[in-house]
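Residue numbering begins at 1 within each chain, and the chains themselves are lettered A, B, C and D in the order written.
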Amino acid sequence: MVRLTEEVHRLRRRFQERGEESDVWEVVQNARHRDRPYTLDYAERLFTDYVELHGDRVGGDDPALVAGIATYHRRCVVFLGHQKGRDLTERTHRNFGMARPEGYRKAIRAIELADRLGLPILTFIDTPGAYPGVGAEQGGQAGVIARSILALARADVPVVCAVIGEGGSGGALAIAVGDRVLMQENAIYSVISPEGCAAILWKDAGQAKKAAFAFRPIARACLDLGVIDAIVPEPPAGAHRDHDRAARLLDDAIRGALAEVEAEPAASRRSRRRAKFRAMGVWGMAEPDAAPAIT
Amino acid sequence: MAQISVDIERGPDEPASPHQGRHPNTCPVCSSHYRDDELVAALRVCRQCGHHFRLPARERIAQLVDAGSFQEAAADLRNADPLAFVDRKPYTERLTEAELATGLGDAMLVGTASVGGRPCALAVMDFFFMGGSMGSVVGEKFCVAADLAVARGVPLVAVASSGGARMQENVLALMQMAKTVMAVDQVRAARLPFISICSDPTTGGVIASFAALGDVMIAEPGALMSFAGPRVVQQTTGETLPTDFGRAESQLRLGHVDLVVPRAELTAALGRLLQLFAPSTDEPTADAPAPVPPPAGPMGWLRRLFGGAGG
Amino acid sequence: MAQISVDIERGPDEPASPHQGRHPNTCPVCSSHYRDDELVAALRVCRQCGHHFRLPARERIAQLVDAGSFQEAAADLRNADPLAFVDRKPYTERLTEAELATGLGDAMLVGTASVGGRPCALAVMDFFFMGGSMGSVVGEKFCVAADLAVARGVPLVAVASSGGARMQENVLALMQMAKTVMAVDQVRAARLPFISICSDPTTGGVIASFAALGDVMIAEPGALMSFAGPRVVQQTTGETLPTDFGRAESQLRLGHVDLVVPRAELTAALGRLLQLFAPSTDEPTADAPAPVPPPAGPMGWLRRLFGGAGG
Amino acid sequence: MVRLTEEVHRLRRRFQERGEESDVWEVVQNARHRDRPYTLDYAERLFTDYVELHGDRVGGDDPALVAGIATYHRRCVVFLGHQKGRDLTERTHRNFGMARPEGYRKAIRAIELADRLGLPILTFIDTPGAYPGVGAEQGGQAGVIARSILALARADVPVVCAVIGEGGSGGALAIAVGDRVLMQENAIYSVISPEGCAAILWKDAGQAKKAAFAFRPIARACLDLGVIDAIVPEPPAGAHRDHDRAARLLDDAIRGALAEVEAEPAASRRSRRRAKFRAMGVWGMAEPDAAPAIT
């Protein structure tokens, strides 16, 4: 027997009220919509001005992950985000938003720059996942993801993250560790793609809809689980229908979150951020001398 | 602790079962077959070809630390299935099966121990509990191990063996990557060493979080250490994979690992590192007039292994 | 400030003279020839092919900063030839020749200035003073520029143009690499940005010290930015060099540079960066109700250049 | 006219007493002697025990630059050094002690490890220079040298460096920035090799002897110029004749220097190290309205 708190029981009950499979799948499709605003679409609209930085200082520059310096409501910030492409040429150029180690090294460089200069960090998450190529693996994809998380964990400056499309696995999390993590209404966030999950658990990638319904990569679930701090509304029918309005809504949310974080004492920011993530996870306690089972 | 064949969750490219189509005590490389007691006595290393079989966590601890020194912590943490997750069978059922099969509450054991008389905090994963996948309990347990290291001022040692994050907990599993990385940062902030030992496999969200952040990175021979598994890489990119793709030996060559250490030498290697990192106040106070020359003999492997001064 | 052809010291693989076999005002790429006043008016950029001629430090400053804003510092530092160095001619004689030819005390001018109304500390090298080589005076002057940045709380901007360390000062020249890196660290510790602009050439001990450490790395088109020069690489290794070996464009592709900015756009780019980095207290206090849309028109190059929102 | 201090005048006079060309050249030859002890020869003799660390976490491990953890007189230290090979196979394997970017990245990693764990750093300098290959340049040789210097500059832990053979150019300096810099009697330290200097200034690499005599890469000159802190004696006729004795002499020097640095207050260590290097360099002041000349 596993002893659960009343809170965990409530959580489990909430997840048992599952809603409609088609509703979850619509969000997945919106999150991946090719007219959805991407990181640089928001950069154009949120920032008074910005300059992109390039390169990992090791051997490459990854167009799938952009970083730069910007003016955001009269303060200098550093931003970074995955970047997808809209037409076929750009989608290929941007590798469908799947970053390689050089991308995460650029991210780490930008994070360290921000921390050194005392600039807040804004991140935009929108990737199916880190690129699973031979070269990427040989270049240490796993290690750079871990070190990008570490760099964000260590930063003394405010970090506000926004999941704006697909928050896919470690490649997303690598730049999604912040004092506030926001998520748009039609964004998704998950440990693996619905297709990947279906392939493993249902032995059939075609069962993606079913998998998405089961593991619920949607904002509401992330909020219930304490993984994100707020859901950012989108224009009716999705951000892809009105980029300007989506940007204004996102701007309101980021601006508010950043102001909150800036108002908190800087000296303890890292330990507060660590405490926030430490609290993520749900578990029970084994009842002594009982058969293993959750009821 | 018998090896059992559970329907574990893996990286999408692991074979569908760790022993698919063969007995778990049959070497997948040279097909030598062993009795269970033979294999345990051989540290689950094939005497013929050196293949390292996967090692249950309790066997790993028994091999690695000073006898009787392991003090388990957070033993009563159990999964709570927060998402009430059901695929072809309920997550709760999988958890129950895994616990019954392995005798473990989840895929990691943590606590304190000593190795060669040197104290450390310890976190050891078990692949036989749902593919060693990392969910809420594994993440929290790793943090407990880090807490123990900091509280006692001792190094943290982790032995990873995992296909990655546990899908059945979705984003909560993903967050364990951030949580465990922050635990490593906490150990770093306390100026304590973290030694990461990667056994086969250490992939996905585990190698992309705490397991990659060792001050010293040790791998067992042949351990798969890729973020994406070989099958995913092959299917996604159509690229031809090198034969040693993601394996410990290529990770060493590519600069991602400090040492590849055979299991039989792991205890000595770990003890030596803990000795090197030990604060000087633990040492005898009389200063040696000259450095002690390295002994020859049975510890010669250490010289070979480390390119160093020997045992 | 006429261009002069001095017998400068260079990286061992630079051509023996920067204008070998041709008039300094003849474009080495397309052979267009210019009168001196034409070339100065064109910022010393070939109107035909865009080749960037090397720029004397005072011309650089005149192009880059707000008119009349440059206040020189440490102008009276002069080399002392500590090694009493003589090769085919005494170092002192080379110094005298260089000073007479360039009107400079050494290969770097430092001071404070403003760009687009934004204050900064400035260090500008001059290749025509002994190949822009870095000896004791250049190193000390760079440190003075860093001191000025820290004292005034303004960004540091460096424009490098150098074949590397100055051989005639041997280890003292080498130590300027450490000294200038430490000056950058001092600027970093004060949380001030350092913008490094590399013109042709920025090689050897200069690109391997302060010039590589810009928070933002800008290069002029075609600028050679290798540590070892192409000839040394070719002669030492026998390797075939890519045609753009070490050039700004390949350095951008390889991730070592943030921006390649044509000289005509450099002032605007620098001003824009200083504006971005400017503390918010310098801004009008009324918050704009919405971000200002980027203007189209003559500043469109900024969009192209930065992939950004435009000027 | 340039006004020089009396100290600079003294220095110039000392360098005008040039001694014998052959004496300088003998030191150059000793520094390069193939029986000379290399970094790992000293590691074997100076350390009670040590373990080498490997890899740059980016894509390679450079055998030309070794790093590790060691026990040095009952304390844990981090060491790093260039490593040459003795026989042809090993010399090729070690690339004649010419490190690539992966080597300097390994050095940076070791320095950061030491600083994080509060371990003193010992470095051994012995390289003709950083490797001037196409791949090394494309991998950012210049940048990693600068960042290695920066890492040593930033370390809060004691740093003791020893030039044990060839201290060639930026590739040497990259790991030679310390609170104390020692130099063996027969080691050389210079901004360029004598051959390279001759090729440029004399237009003839064959004039290396002459160049070495002119720019004096020897320990005595480095000490006079304030670039090193002490000269470490070698056994008669050079370290290559008696490795054990050379190691004992080096051990005495390093141990003493390290003890000194450890006794200094840690909080101001970085600023003292910076002040030490800031003082390196010799210059005069222009006399106003005078013709440019040094007399």
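Quick note on the criterion: contacts are C-beta pairs under 8 Å (C-beta built on N, C-alpha and C of every residue); 3 or more make two chains touch, one makes a residue touch a chain.
These numbers come from a predicted model, not from an experiment.
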| item | value |
| --- | --- |
| Steps in the shortest chain-to-chain touch route ending at chain C and beginning at chain B | 2 |
| Identity of the chain that, by mean CA position, is farthest from chain C | B |
| Distance from the mean Cα position of chain D to that of chain C, given in whole angstrom | 28 |
| Whole-Å gap between the CA centroids of chain A and chain C | 40 |
| Between chain A and chain D, centroid-to-centroid distance (C-alpha), Å | 46 |
| Contacts with 2+ other chains: residues of chain D | 57-59, 138-140, 143 |
| Chain C, residues touching no fewer than two other chains | 254-256 |
| Pairwise touch network: line, ring, star, complete, or other | other |
| All pairs of touching chains, each written as two labels joined by a dash | A-B, A-C, A-D, B-D, C-D |
| Touch list for chain D against partner chain A, complex | 57-59, 101, 138-140, 143 |
| Parts of chain D lying in touch with chain C, wherever the complex brings them together | 2, 4, 8, 11-13, 15-16, 130, 132-134, 137-143, 145-147, 149-150, 153-154, 169-170, 173, 177, 189-192, 196-197, 199-202, 211, 214-217, 221-222, 225, 227, 273-274, 277-278, 280-286, 288, 292-294 |
| Contacting residues of chain D [partner chain B, same complex] | 40, 43-61, 66, 68-71, 73-76, 102, 106, 113, 116-118, 248, 251 |
| Complex contact set, residues of chain B against chain D | 188, 191-193, 215-217, 252-259, 272-273, 275-280, 283, 287-288, 290-292, 294, 306-310 |
| Chain B residues touching chain A - in the complex, by the definition given at the top | 9-10, 12, 75-88, 92, 95-96, 99-100, 105, 135-137, 139-140, 143, 165-179, 181-186, 204-205, 207-213, 225-228, 232-233, 236-237, 239, 241-242, 245-246, 250, 254-256 |
